[in-house]
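The next part holds the structures, each set out as structure tokens.
Both complexes below contain chain A, partnered by chain B and then by chain C.
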Partner chain A sequence: MSATTAAVPFWRAAGMTYIGYSNVCAALVRRCLKEPYKSEAASREKVHFSITKWTDGKQEKPIVRTDDE
Partner chain B sequence: MAMAALRREGRRVLLSTPSPAAAMAARSPAASHQEIAPLGARSISTQIVRTRMKSVRNIQKITKAMKMVAASKLRAVQIRTENSRGLWQPFTALLGDAPSVDVKKNVIVAITSDKGLCGGINSTSVKVSKALHKLTAGPEKENKYVILGEKGKVQLIRDSKNDIEMTISEIQKNPINYTQIAVLADDILKNVEYDALRVVFNKFQSVISFKPTMTTILSPEVMENQSESGKVGDLDSYEIEGGETKSEILQNLTEFQFSCVMYNAALENACSELGARMSAMDSSSRNAGDMLDRLTLTYNRTRQASITTELTEIISGASALEG
Partner chain C sequence: MLRHAARRLASRAAASRRALSTAGVPAEAADDSAFIDAWKKVAPNIEAPKTPISLMQPRPPTPAAIPSKLTVNFVLPYKSEIANKEVDMVIVPATTGQMGVLPGHVSTIAELKPGVLSVHEGNDVTKYFVSSGFAFVHANSIADIVAVEAVPLDQIDPALVQQGLTEFNAKLGSASTDLEKAEAQIGVDVHSALNAALSG
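So, the complex of A and B:
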């Protein structure tokens, strides 16, 4: 069978979700693009948000997920 | 009615006199009882009305600008939103939507905006989430909130802060893209235990209409039970390639479904937010315009009245001297 079939148990075992796995794959495909399409696609993968976990009605310190330097 | 308002405005202007006490009164509400004109004061100060007019005009300028900004942003987001609907529709066709499924751990994902001044879309979202929370509550059940956006957080903190599991903000710093939402969905899936995720958002209908909407995503185990009992989807009628079992495929599918639904929901909500802001700002600039018209009328009338009074006084004084 194809390589993906063989890969499934491994990324699952590593604690990745399907979303994480497909994101890695998508990033790889985007990196294969040539200019000017490459920079155009790069603008579509900017990640920025802040996430705060709550325990017992109190908020913890927010974690900012971002990739802009 | 307009006349009554005018008279009211007029009286307020007439009462404020150019004495230092009145100037104080204009500034501090504590001294506002000293509104009676001091002895010997004749002319009427229009200073306060002029300041008021200026501030109303400035506010109108701001709301107009906000409306323009929202309108120009809306067009791009609307196209993206309409395109993103194609992402979740196949899932609904394949797996179906089962809002009535009764499970133990419900996680309500309420999508709101970070910024205000956009009409009632945030309170609608919160209201629906609360109703859903009440509806799915019961003994031995655990309902949690995951909130996107500051405004929803602020509203939900008040009475259900013990049920908040996670809050997310600042997602609209860059234009919303799939990668971002996928990372976010990944974080939610990893950190929250759930049997069913219920995503609540405002679905964009048109610039003036938004429908609060809920989409249910079941966990793989629940999904498997449901599909065996024939309540959701007909995955069995598809031929599956590769060596994966049905449960593995269902897990992958539900995870991907969640990210797609989240992407669509975030866009729909952003689109609704802009539309709502547009109409809210439109009506507030119109209100400011009405107020300005009223104030201008009052102002001119008062000015005219004081000029007439002065003229009469001068003329009568002159004729008294002559006679």
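So, the complex of A and C:
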């Protein structure tokens, strides 16, 4: 079976994954909304989480991240 | 004892799943009788728990004649926009162009590009701007549309769209790396689609 060189979308050729592309599109659409909807979307997309990496069974210092979408 | 019940459940579930996947099978909730029998043997006094198979709604069969209505499910990550609504037609913004889906449409999986999704029911047309997503059309005239972000057209601000369009056109001109070019191109695509949606 020979490998087919299917045309990839320009964003995948540039190294983006589909989910990254989709999230960028959604963020751009949200940025173009009228006022009450724009702030509702912004509050809906807020994330706040803490990541802790573990090495050799020991817990390293947690990183807290707050992203707006 | 219960270890065997789990194995029997898995094989029973696999067998029922295979049976339900053929078209034309009548729609009845599968009864996990093998599991219930095995359970009664080891724990006759305790009522058998429900298994996923009995709680699942089986896939509606593909009818012999083309149905008159299309059933649409349109979901976003944060809400279910349309659930089991019977409509005449939906037009989805597929990457290959605007695709009209009527009852009896061939099974299709379509990737969506930023564009307008319109739902036609009698004389009513409801339009949404979809940022991206997928549309799955099944042989039994059920269409599932999933999108990350979808807004009714009147929630879009034309001034912000114009601003974004000029901004990304400028970025496209000045972009150097592949990634910057791709991001600028995405911005141009999304804002042109928004523009077209507002004017069309």
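The rule is simple: the second predicted complex is superposed on the first by the 45 of 69 C-alpha atoms of A that agree within 3 Å, B and C clash if a C-alpha of one lies under 4 Å from a C-alpha of the other, contacts with A are read in each partner's own complex, and residues count from 1 in each chain.
Criterion: contacts are C-beta pairs under 8 Å (C-beta built on N, C-alpha and C of every residue); 3 or more make two chains touch, one makes a residue touch a chain.
Worth saying up front: this structure is predicted, and the values here are computed from it rather than measured.
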A:44 touches, of chain B and chain C: first, second, both or neither? both
Touch count on chain A, higher of chain B and chain C: B
Touching partner for A:22 - first (chain B), second (chain C), both, neither: both
Touching partner for A:13 - first (chain B), second (chain C), both, neither: second
Which superposed partner A:54 touches (first chain B, second chain C, both, neither): first
Contacts of A:65 with chain B and chain C, given as first, second, both or neither: first
Chain B versus chain C as contact partner of A:32, first or second or both or neither: second
Common interface residues of chain A - those touching chain B in one complex and chain C in the other: 15, 22-23, 26, 44
Residues of chain B defined as touching chain A within the complex: 161-162, 164-171, 173-174, 177-180, 182-187, 189-191, 242-244, 248, 251-252, 255-256, 258-259
Residue numbers on chain C that touch chain A, as the complex places them: 78, 114, 129, 131-133, 148-149, 151, 155-157, 160-161, 164, 178-179, 181-183, 185-187, 190-191, 194
Contact set on chain A toward chain C in their complex: 10-11, 13-16, 21-26, 28-35, 37-38, 41, 44
Residues on chain A engaged by chain B in the complex (per definition of touch): 1-2, 4-5, 8, 15, 17-20, 22-23, 26-27, 44-54, 56-57, 59, 62, 64-65
